[in-house]
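First the structure, which I've put down as structure tokens, then a few questions once you've had a look.
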Amino acid sequence: MQREITTINTTAFDQYESNVRSYCRSFPTVFRQAQGSLLYNEQQRAYIDFFAGAGALNYGHNNPQIKQALLDYLESDQIIHGLDMYTSAKRSFLERFNQVILAPRNLPYKVQFCGPTGANAVEAALKLARKVTGRTSVISFMGGYHGLSLGGLAVTGNAEHRAAAGVPLAHTNFLPYPRGPLAAIDSLHYLETVLTDTHSGFDKPAAIILETIQAEGGIYVAPTEWLQGLRHLCDRHGIVLICDDIQVGCGRTGSFFSFEAAGIVPDLVTLSKSISGYGLPMALVLIKAEYDQWQPAEHTGTFRGNQLAFVGATAALDYWQTDAFSSSIQALAQQLESFLQTQIVPLDPRLAIRGKGLVWGIDFAELGPTASKTIMQECFAQGLIIERVGRGDSVLKIMPPLTIDSALLAQGCAILQQAIQTYLASTKE
Amino acid sequence: MQREITTINTTAFDQYESNVRSYCRSFPTVFRQAQGSLLYNEQQRAYIDFFAGAGALNYGHNNPQIKQALLDYLESDQIIHGLDMYTSAKRSFLERFNQVILAPRNLPYKVQFCGPTGANAVEAALKLARKVTGRTSVISFMGGYHGLSLGGLAVTGNAEHRAAAGVPLAHTNFLPYPRGPLAAIDSLHYLETVLTDTHSGFDKPAAIILETIQAEGGIYVAPTEWLQGLRHLCDRHGIVLICDDIQVGCGRTGSFFSFEAAGIVPDLVTLSKSISGYGLPMALVLIKAEYDQWQPAEHTGTFRGNQLAFVGATAALDYWQTDAFSSSIQALAQQLESFLQTQIVPLDPRLAIRGKGLVWGIDFAELGPTASKTIMQECFAQGLIIERVGRGDSVLKIMPPLTIDSALLAQGCAILQQAIQTYLASTKE
Amino acid sequence: MQREITTINTTAFDQYESNVRSYCRSFPTVFRQAQGSLLYNEQQRAYIDFFAGAGALNYGHNNPQIKQALLDYLESDQIIHGLDMYTSAKRSFLERFNQVILAPRNLPYKVQFCGPTGANAVEAALKLARKVTGRTSVISFMGGYHGLSLGGLAVTGNAEHRAAAGVPLAHTNFLPYPRGPLAAIDSLHYLETVLTDTHSGFDKPAAIILETIQAEGGIYVAPTEWLQGLRHLCDRHGIVLICDDIQVGCGRTGSFFSFEAAGIVPDLVTLSKSISGYGLPMALVLIKAEYDQWQPAEHTGTFRGNQLAFVGATAALDYWQTDAFSSSIQALAQQLESFLQTQIVPLDPRLAIRGKGLVWGIDFAELGPTASKTIMQECFAQGLIIERVGRGDSVLKIMPPLTIDSALLAQGCAILQQAIQTYLASTKE
Amino acid sequence: MQREITTINTTAFDQYESNVRSYCRSFPTVFRQAQGSLLYNEQQRAYIDFFAGAGALNYGHNNPQIKQALLDYLESDQIIHGLDMYTSAKRSFLERFNQVILAPRNLPYKVQFCGPTGANAVEAALKLARKVTGRTSVISFMGGYHGLSLGGLAVTGNAEHRAAAGVPLAHTNFLPYPRGPLAAIDSLHYLETVLTDTHSGFDKPAAIILETIQAEGGIYVAPTEWLQGLRHLCDRHGIVLICDDIQVGCGRTGSFFSFEAAGIVPDLVTLSKSISGYGLPMALVLIKAEYDQWQPAEHTGTFRGNQLAFVGATAALDYWQTDAFSSSIQALAQQLESFLQTQIVPLDPRLAIRGKGLVWGIDFAELGPTASKTIMQECFAQGLIIERVGRGDSVLKIMPPLTIDSALLAQGCAILQQAIQTYLASTKE
């Protein structure tokens, strides 16, 4: 095994960049190019990407179909920065998004273009839910991740992130998420009880915000019936249901939205990460028409009109014109799940796997605090990029681009399997 | 005068976009292309741009020097989405930024790449100031604008924006800004008093955040001595001084940073808007090395590695290699100020002008609540895009790209002058 | 049955007193005198007191042993209002409290004399816990009641009281209380999980505040093992355990402190209500010596030296010199419990009883929303004062003075039994 | 000069009482008895009282007229603890208060009996103002003191007290108080500006809370025209005006309410301290009838029916049946002011005096940080009790009982004068 770490040049980063940088510590090389599901460093070494830009690269790196649209747009000096003025690019996106995504699914959403980060979409959604209901409190779930600006951070469970707020985070109650650390508790019953118990101390919330799959939280998948129950509960109590589909939307679970399988319609949906198709900053809030009670300019942001991202987003919607893409994701999902069930689970009884579609986690918590990191590092050494998430970062998250081909997926899986085996062997010595 | 409003097609926006949209209501046409200081609608009508993407387009639309770098980067399939991994594009920016901007000015900053919105940079800066000092409270200034996520909104003065928070905004005390509504008050003395008065109710703040020129607040320019006094005050009291240079940095005042003229060094600086050079989403926090106390990943965000923006930003730094750009800005500034002093001020004694460099305001407050809007609409009808800011939106903000040529600047000014004259004439009938 | 309601004169109250008044609506007569466990209205009608001033009259009304001490003190012009100056009366109390209560129980407490309300003791205890730990968050229990000033209200579960705050109540997480609405949940396990789960969103708390018996919450008695488990949990995590013994301390459960039976020692204890022995305003915080980290005057209040109350409190401590009082309470408790078990429970399968010592509740929730009120009104008509508490006010709380004699207790019980029977009969018609 | 400090016995306090105690450190002796304006320690030494229980003893210690009413009440076993039930004692107070105080002044107030501390009255008033207006923010004044429970503490300026909150104090903006540290600022103009400036960051407040004389803040007297201007401002903006008359009401300024001289009618008034006439815990909120929008029991408290205090309060109202008491206060006030002007002011140009009625301060700030303490200690040694207040505790507050006789007032003044002279002499050596 050849490691090229000694040859990489990180001087500029060491000297000029803030200590806050993090992924570069896990993947210590300097990347230059990328294509599909492969990243290349400055020495042209290829890395298989099981990380997909934390979910921002569902269509792969530099997807050629989208790339051409971007080049054409740039070349022809079309508007790049548009705030929320009317532009041709925005119109194309709106029409296409309605035609390919919303209309076929009977989803009654208006589109808010907010600041181009997931956190900003969450901020906008929470503001709107509070405005519409006149209430301040929100319910979130343990393990939930919704961004690190103050509004999003207040509904994010991670203690380290919360501690960095520098102010107490208020107006949120956290409840157990299904299948997580307090899985034995029927959280819907718990929720119904605290909402109806006049002495529970839970102020009636404006909104319940959730991910249908907690990704950063460690890959916990909410059951269909639970999602349906939550939808009914919100209906009964007049609570705005916000689905944060930033990481697991845009096809990650096989359908465009992650909540489609449950047959529910959230009141607000936040989208970001892969919505632009090309890794460009973009974020949306989808708003049921009756909740679109914004006054003009109540929520703004300089980059809410990132036209290049709109162009990418419009091109990416071509993937959803037919069922082919969805079918292909499901086939890959089956390959991945089968690999995990047959090749990984048998390796050690302490291993747990969880996931759906093309987002899966292998939980190494029971193998001790360093297992996941050691294995991640070995994967990287062998040319596979894979991230750690969840409590104690004990979970390796397998999240390749949805466009990965079957062979490359298998190749990455093989590296992963080998790394786990190496680790397990080393602990038995 | 020919108005083409009847021919524009806004159906898609009316049907699919949220009511929150705003600029499109001021400038009701559909834009398609842009070049330098001109925007073009779908009917190829040209508009002179005195708006510059709210400060995001200091180098003009689709600046050809930068454009080529972007095209080359895209063409060669270099990394687009990099989180905070090491990339060649980020290294180039860091080295170039240090070489052209920081080193020559002896500025001891580390660079934090945060989520690519100004609001996110403000959130990061406030977090860090609180972390470093262990205090929660912050002082901001009346008229200040620092973004609309909860952390930034708490230090933003605008009542309409604040009301949309849906929760009480806490941990901030507001003080009068120089030359603003309470200009008669010596705000430094006020500040010194409340900080030393043990009964003032002002909890000792972590930070003071300010713009050196309040742009959204109505174009108020802080005097040099005031900025120096504020710097000394922060030194005496161990308060982190945050300069939000998002709108008036990147050359807007003639120098790269707006605070250079005052000879002060803020502890933290937020940059965004024009930093990418091309209107692409990007934001930075500059951090004095001793304050770079972030733990890895304490503040993150999916799009904090928008490589295309880094490429644009690096190319844009070419403008700052010599003094030529700065000199050219100053020449244009002189032309603009002279125009205002000689052509506008004499028109009516109720008009007030304020500004510096290439950001100026004409305040129509004393002409009644509808003057600025009527004049803005007339400008638009005549092919000039100009924004209203400040209390009651009474101020027309003149903020063209810094690359505008003298003739076009004059042409825009002429439209503006004509529109004002038309308005004044109409009110005398 | 003769009802004298028509003859009472409430004009002054109707005209001059705020609408906020409440108990007078349940007990619509004008009281003038009282003795032991009897109250007398202006028409000299006697009422048996199963209410005991909401727990402030454990030693009965105008207890003659205490009364003489008060008269002597007043007569001799001793200090009435002393703030926190040294006074003879305070010294007597401190010495006596140590001798009779603290020393025999090996309780290592310092005594803080705070403002003479239970709410103020809670405010002081929460402040101190936050100061000592440097943390802001607190854990409280659903159904908990800790007073209505903002600090206490934040840890009080009652939604109507919370809604009256006028500001969002922050810094508190509520957990299920044993045997309450979410009794099936092992709240200790829940608590341990959220404290150790790094993604639970539960910021590490300064304190856990609880009542060992939730009185206002509907008479829920915490099991001994649960209290012990909670104590261990607080030890493990360095959390300050605050026992709010305002309502069920001072002998209500048979021992002076309610927590004695569990063999635990809270870090802070709040006392008020019956501590003065005579219904006079007084409140204390007991503080483990190592937590007595107050600076002088950090928490003050004009009436924290209500000397007359100290005199009453000192005299009342005579009750605790021997075990006789405790034994007598236990005998009465047995009588009461036996009555409930044999005379009330059999009346209807929908009735639930809960309690300990001389605080018991009969829960009429399953008999519909008006049952408890109708029965309370009938009791009042028949000369028995009894309060409603808990969710929907469905619980009649039996809480006579601890000095009630057996016959009077029986007489009150008979009225209660009759009223319930009358109600049940009426619903069967 | 004989000092008896060595003989006092404070063992019990040292051993058993919390470190939070404070006044005992200024006045280190053990008090036993009191009469009128004299306190007696356990060695029967007399002390002249220029402190008056921090304002709770306006009618002197153990006022004989009131004492007899209390003894009679106690003797006859009338109700002591009544919560908010109807009682004969409460009716007497309500009728008498209306007859003697409210009706003659045309004051349209309803009376709320809240928990018997000033802080609780403030909490209730703030809650009600927020409920009535639906707003959360409040404006208070620098130097203001409104109690130390979280709601009151948030509107209290003292930094040491605020720091002890343990949580950030929110929802309050502080403005300069007339004649205080930022006296040059026209605070009414400032207030009007921030309320009308849409970018001031001052969220529209529910209430403005103030003392007409800041006592704890250092004896600053609000000018009449300022109070009138504030009243008009509140009317214009629909803001609830709360006058906290806890320390300077009940005759301290010559009239029953301190605001009478200005001819204004606050919307809510808080009273406590001297309202019971005898130093017993009692507090009231006076509420303009249209603002009495409380639901029953929305704000409660165990000791809101401290009947003995009601009896004292009713008896104390005899003082207000004629103008004699007011005239006598004014005569004493003239004597005191004359003494200060003629005997104290000439002693040293650095001395400042401020005050009104029988509350005056001598400010020693310019004599250095230890002057006031040294002089206070010397006064105590010579038999005079006088408190320090204000910034740096630099102000000696002269606040004797209103019933003090002229000779004793002169005697106390002579001790004070002598102590100041001694100090001044010592600093010249």
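In order of appearance the chains are A, B, C and D, and numbering begins at 1 in each one.
Please note the rule applied: a contact is a pair of C-beta atoms (placed from the backbone, for glycine too) under 8 Å apart; a residue touches a chain by one contact, two chains touch by 3 or more.
On a predicted model such as this, the values are computed, not experimentally measured, just so you know.
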{"item": "Distance-maximising chain from chain C - centres being C-alpha averages", "value": "B"}
{"item": "A-D against A-B, pair bridged by the larger set of C-beta contacts", "value": "A-B"}
{"item": "Whole-Å gap separating chain B and chain D, where each centre is the average of the chain's CA atoms", "value": "50"}
{"item": "Separation of mean Cα positions, chain D and chain A [Å, integer]", "value": "58"}
{"item": "Between chain A and chain B, centroid-to-centroid distance (C-alpha), Å", "value": "31"}
{"item": "Numbers and ranges of chain C residues touching at least 2 other chains", "value": "136, 160, 167-168, 170-171"}
{"item": "Complex interface listing, chain C residues touching chain B", "value": "167-168"}
{"item": "Chain B - residues contacting chain D, complex", "value": "136-137, 140, 142-144, 155-160, 162-163, 168-174, 181-182, 185, 190, 193-194, 197-204, 217-218, 390-392"}
{"item": "Interface residues, chain D side, partner chain C - complex", "value": "8-10, 12-13, 15-25, 27-35, 39, 42, 53-57, 61-62, 67, 70-71, 74-88, 90-91, 94-95, 97-98, 110-113, 115-120, 123, 126-127, 129-131, 136, 147-152, 154, 160-161, 164-168, 170-171, 206, 246, 272-273, 278-281, 285, 287, 292-303, 306, 308"}
